[in-house]
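In the two assemblies presented below, chain A is common to both, partnered first by chain B and then by chain C.
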Partner chain A sequence: MRTSRRFATPVMVLLCVVLTWILSDYQLYNLTQVGALAIVVLGLNLLMGHLGSISAGHSALMGVGGYGTVLLTTRADVPGPFAIVLATLATCVAGLIVGLPALRIRGLSFALVTLGLAIVFPELVIHFSGLTGGANGLASAPVAVPFGLALTQVQWMYLVVAVSLAVVVFGFLLVASSAYGRGLDAVRVSEDLANSCGVSPGRAGVLTFGVSAALAGFGGGLYQLSLGTATPDTYSFSLSLSLVFASVIGGMRGAIGAIVGAAFIIYAPNYTASLGNHGPQLIYALLILAVVYGRRVIELLRARRGTVDLRVDTDVTPAEPARQATASAAQRS
Partner chain B sequence: MGLLLQQLVSGIASGMMIGLLGMALSTVYQGTGVLNFGQGALATASAYIAWHLQQTGWPFWWSFVGSLVVSFALGWLIERVLIRPVADAPELTILVVTAALLLGVTAVVGMIWGYDAQAVSSSFGDHVWHLGDAVVTAQQVGTAAAGLVALVILHLVLHRTSLGLKMRASAMNRKSAAYLGVNTSRMLGIGWGLAAAMGAAAGIFSAPVSQLNPDMMTNALLMTFAALVLGGVGSLGGVMIGGVIVGVSTNLGFTYLPFISGDTADVVPFVVILAILLLRPQGLFGRESGARS
Partner chain C sequence: MFGTRISQRRAVGALVCLTAAMTSLTACRSSSSDSDSDSGGPIVVGVTVPQSGALASYGVIAKGIQAYFGSVNASGGISGHKVEVKVLDDGYQAAQSLNNVRKFVQQDHASLVVGFGAITSADRDYMQSAKVPLIAINGNADMNRSEKYSYIRTELSDQRIDVIADAKATSAAHPDAKVALLSINSDIADTLADGLTRGLSGGAKLTQKQLYPATATDLTAYVNKLKSTDVTDVFINAAAPTLAATMKYIHQIGWKVRVHVFQNNASIAAAMSLVGNAATGAISSFYFKDPADPRWASDADMEKYRDIVGKYAAGTDANNLFTLVGFTTAEAAADALGRSDGEGGTKFLDAWDKIDSTTMIGYLPGVRVAYDPIDGRLFHSEQIVEFDGKSWQPVGDLQTVPAIPSSGQ
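Presenting the complex of A and B:
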């Protein structure tokens, strides 16, 4: 498993690089967006799948990265790569500030704060139209292909995003299996458990939100450069929901899942035109329900056959092991 | 002075509707322990149902009652079919399901009734009172009165009937209530149904002001959450007062703060949510131990 993965990764990266000269610019453009969003979803996976917290505000964080990159390249003439790095740092700082309340409040209350962020961000962009171009949007500077390489702008952006994604995936896997990553899992399972293992849930929450925000800013900057013009509508609350759903559809924890989820939210709208403006959203909703209830349906079928007792109790407080113990005790008797 | 009075009245009227939707959220939260992101979308669907009934020739109050009944059934059904199977799952899962509800219901409403905003005539007539240089409409007075009536009815149901006693018991401690012979799963269904009916009233009375469109009540989502956080989850009257505070302060913000305008309507509720969660997480009227997280 370990060795096969070690070979599989370089082969996949090589394959992605070769695609640059095979696919059309339009296909590459779509893949570029998938890659950029996958970076954001990876950050969200760290937060949702590992820490067990939810963020409805990642559209705003992506927006900070996206608008930051465009502002730096057009108003301050910063070269693209530096602009993205600076925007990523800025988003990370923003994330740490937004994450600070997580020291005191958690769960649903914190989700509310991030929801507010997602709703207020586009309004602020429109309000400060002098800086951001308001509702009409802000055109980004064209991306220059460096070193005189014989590539179109789209091909170059695709390569940049492919390599960035590979680096982020590698980092994500390292972090997820590190002591810090397992600390996050401990917080998700039980805050008391985490505390007793020397992991501070509050500090882990703020730090993870900062890391997750940095990835959102990075992905947002790349997404924005490939997109061209930045508009407030791009970074609306519905993008946040799409990102959360991408994470859920991909399984919330793995790296491949993040890419699959990102691909889903980029490609799904192409096939739902007949369902009206909100067609993609309807598909997301149905798919989410399928993901959530799929396992439940299997459990119910098993219960029919008498292997699992579902009528244990309706109280939510007992931990999972206790309930399993009750179920197995019931079976034994 | 007239401007102040006018902003106060319209703030109270819209705040009452925010409070009503907030009370729906609170009812669901107390029963199921989850914030229903889809509550606003359901309220929009209810407003469309009432409008649809009116288009087919029903008088306003009949279509109002019809929509309330349909909404109650819808809320009950959603609890039964979608929420019950994941009741024991982590908070995150239920939250994602209600978010899916928000998207799904909005999309279905758009598919059935279209995305163009529909102008809805005022449910209380077009009478206008002039108080000095302030203008108060019958719609505003009627909306505020309807909010009060809903609050009183809900209070009576919860505190003066045996059904309400059972509902409060199963919200407070589901297991003990079940041991005492309360059908707790039925109480959950009724709670969701009641919440959907409250949301329906909020949606129907808001429609003439905000015009009927699929995103109508979703746009009020943040204000509703602000009302809920402000009032404290456990206290229905508190949530109503929270709604009025949010409505009035947003309106006054429009008028008197140079930074706030139509573009930045949600800045005030956002600041309210942040401040309350950091300074007084249980809300202005909530009990310290009432909140679950």
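Presenting the complex of A and C:
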């Protein structure tokens, strides 16, 4: 078992690299989109899974990153990598500003603020059509493959996104297991508890929204470069819902779950259309129900067989993050 | 450090399985389509339309296309090739549409792709770079032919042509008409306003423009605002259910204004039948036959259309105008494919650009379907019609409106 654990990560890396030459451009394009969206979902996981705040506005933040990247590459001739970095910083600033209400409001009220952002963004893009290209969209500059590498544009984007995702996953795991991450868990469980541990819920909320926004901008920039043309429809409210959905079905606290969720929203439309007009909604609803109640149903089934004591299992989970947060705060003091 | 080792191992395992499953699924699909592209294999036509979401009702376009090519296949195909229609749902999302056209080109090796609505503008750059023809069912003036997008062709007229015909008739009948435009806030509003400005003459003028957001379905506030002005004619551009509700409201509040609508939204099945007598007097300009219009109940062409839809797309509503739009799109594409020996690319485009017919199924008597290089559109004939409560009745003769180039926007 220890040997297989040791080899799991190198095997994954090798698989990702080898796929570059095995898969067609279209298959790589799909995986690139999965990777870019997974970065956005990771940011959302930090916000929803760890801090406990819901954002319905991440499509707009992705849009700031996406449009920012396209505008910088096409209108200001900024090279792609620098454009993505600048667009990420701009999205982070936008996120910090949007996150300011988190100092005072929480929960659904905060979600409504972000919902407004998602609804307004496409309208703003259309309003400033001279800059953004309006409803017809704005084509991004072709991605150049550097150093004369014998790769297609799609292969290069796939590798860029794969490396970016690996870095973001590593950072996410690092943050989630740090004292800061446990502080976020404490805020999610109880703000009073967080305050007593020296964690300011408001400050943690604004900072986390800024980080989450930066990841949305970063993912949005990569997504946009692989997609080609930026349009207001690309960053509509329904994308926000899809991102929240991806976060939920993948498990809101994990890194791998973010990739699974992102893969679902990219691949599912190819298979759900045949189910009719409301097929996708039906599948989404069934999956959400499975995620929310699936574990409970399995536990009930196992309990009927006498293998699980439900009373013990349900009591332990909610208190665990609080215990870790308290321990972490004690260590810091 | 990162949680339990066992859960990490399981998660990595799950991810490996997921990647393998996804790629093998798509790999299976591509291997079958690779063989399809061999000589003697079918001609692949990709169709991306909304089959889910708010605009799912336009998904019947695909059924119309499948029905027509079904009949073509039944009579031997095109130049010895069967036509395989592949349909994907875009949910009217630009990103998904772009994803779909990539799949058609890169994986299915489609000879041409058909897309619907304003979101097709996002597909243009990719299709141009892939050098695969895209037929966009889109009346936005921005989709008119341009050198930049030489691989893009359109079904439907430039909507300025529709508006100009109606505006000219309005100016002639009511020289002092004060006209308002009530439209969704997108580039199509600019197209319609441009058409009105070009078409109105003498004392008739565009005096009001009310634009509502894409998410709005209740236009009563906009109607009330217009009612408080001296507007005599209102041109309403709204999806069929919203249009029906708005026309009903105008009737309910007793506003005596001449209502002008657009054929794309004002079919009898989708809109006018919902409004009933309150729709009487509505004005529009048509070039399609409305399949639900009693005028065409025993029309030979429309009977043939219904027969083909019934046989090759069983269960599809043949009365839906957009089933007919899909059907006529396939009709034009099949005509061009027949003359390009089933080839896509520039050979197909050259053949498309030579379309010139007055006998195609689905159009009003006398309508000429002919490619005009000025705007790259097939339709420039317009018939002013007025709704009598049951049927669209012609007013005056069929008109021909000259094409407007893309640079004229």
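The rule is short, and it goes like this: the second predicted complex is superposed on the first by the 280 of 333 C-alpha atoms of A that agree within 3 Å, B and C clash if a C-alpha of one lies under 4 Å from a C-alpha of the other, contacts with A are read in each partner's own complex, and residues count from 1 in each chain.
Keep in mind that, in the parts below, a residue touches a chain if its C-beta (ideal position, glycine included) is under 8 Å from a C-beta of that chain, and two chains touch if they have at least 3 such contacts.
Quantities reported herein were computed from a predicted structural model and do not represent experimental measurements.
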- Message: So in the superposed three-chain picture, is A:Ile126 touching just chain B, just chain C, both, or none of them (first/second/both/neither)?
- Response: both
- Message: Going by the contact rule set out at the top, does A:Gly116 touch chain B (first), chain C (second), both, or neither?
- Response: first
- Check whether A:Thr9 is in contact with chain B, with chain C, with both or with neither, and answer first, second, both or neither. second
- Message: Applying the document's definition of touch, where does A:Asn30 land relative to chain B and chain C: first, second, both, or neither?
- Response: second
- chain B versus chain C as contact partner of A:Ile288, first or second or both or neither: first
- Message: With both complexes overlaid on chain A, does A:Asn136 touch chain B (first), chain C (second), both or neither?
- Response: second
- Of the partners chain B and chain C, which touch A:Ile256 in the superposed model: first, second, both, neither? second
- Message: Once chain A of both complexes is superposed, is A:Gly171 in touch with chain B (first), chain C (second), both, or neither?
- Response: neither
- After superposition on the shared chain, which partner residues are touched by A:Met48: those of chain B (first), chain C (second), both, or neither? first
- Once the two structures are fitted together, what part of chain A is touched by chain B and by chain C alike? 119, 123, 126, 276-279, 281
- As the complex stands, chain C meets chain A at residues 1-3, 5, 8-9, 11-16, 18-19, 22-23, 25-27, 30, 51-53, 56, 59, 87-96, 98-99, 102-103, 106-107, 118-119, 121-126, 140, 142, 185-188, 213-215
- Item | Complex interface listing, chain B residues touching chain A | 33-35, 82, 85-93, 95-97, 99-104, 106-108, 110-111, 115, 174-175, 178, 184-185, 214, 221-222, 225, 229, 259, 261, 263-267, 269-270, 273-274, 277-278, 281, 291-293
- Item | chain C partner contacts - residues on chain A that touch it in the complex | 4-5, 8-9, 11-12, 15, 19, 22-27, 29-31, 33, 119, 122-123, 126, 129, 134-137, 139, 173, 177, 227-229, 231, 233-234, 236, 238-239, 254-257, 259-260, 263, 266-267, 269-270, 272-273, 276-281
- Query: Which residues of chain A touch chain B in the complex?
  - Reply: 48, 52-54, 56, 101, 104-109, 111-113, 115-117, 119-120, 123-124, 126-127, 241, 244-245, 248, 275-279, 281-282, 284-286, 288-289, 292-293, 296, 300, 313-316
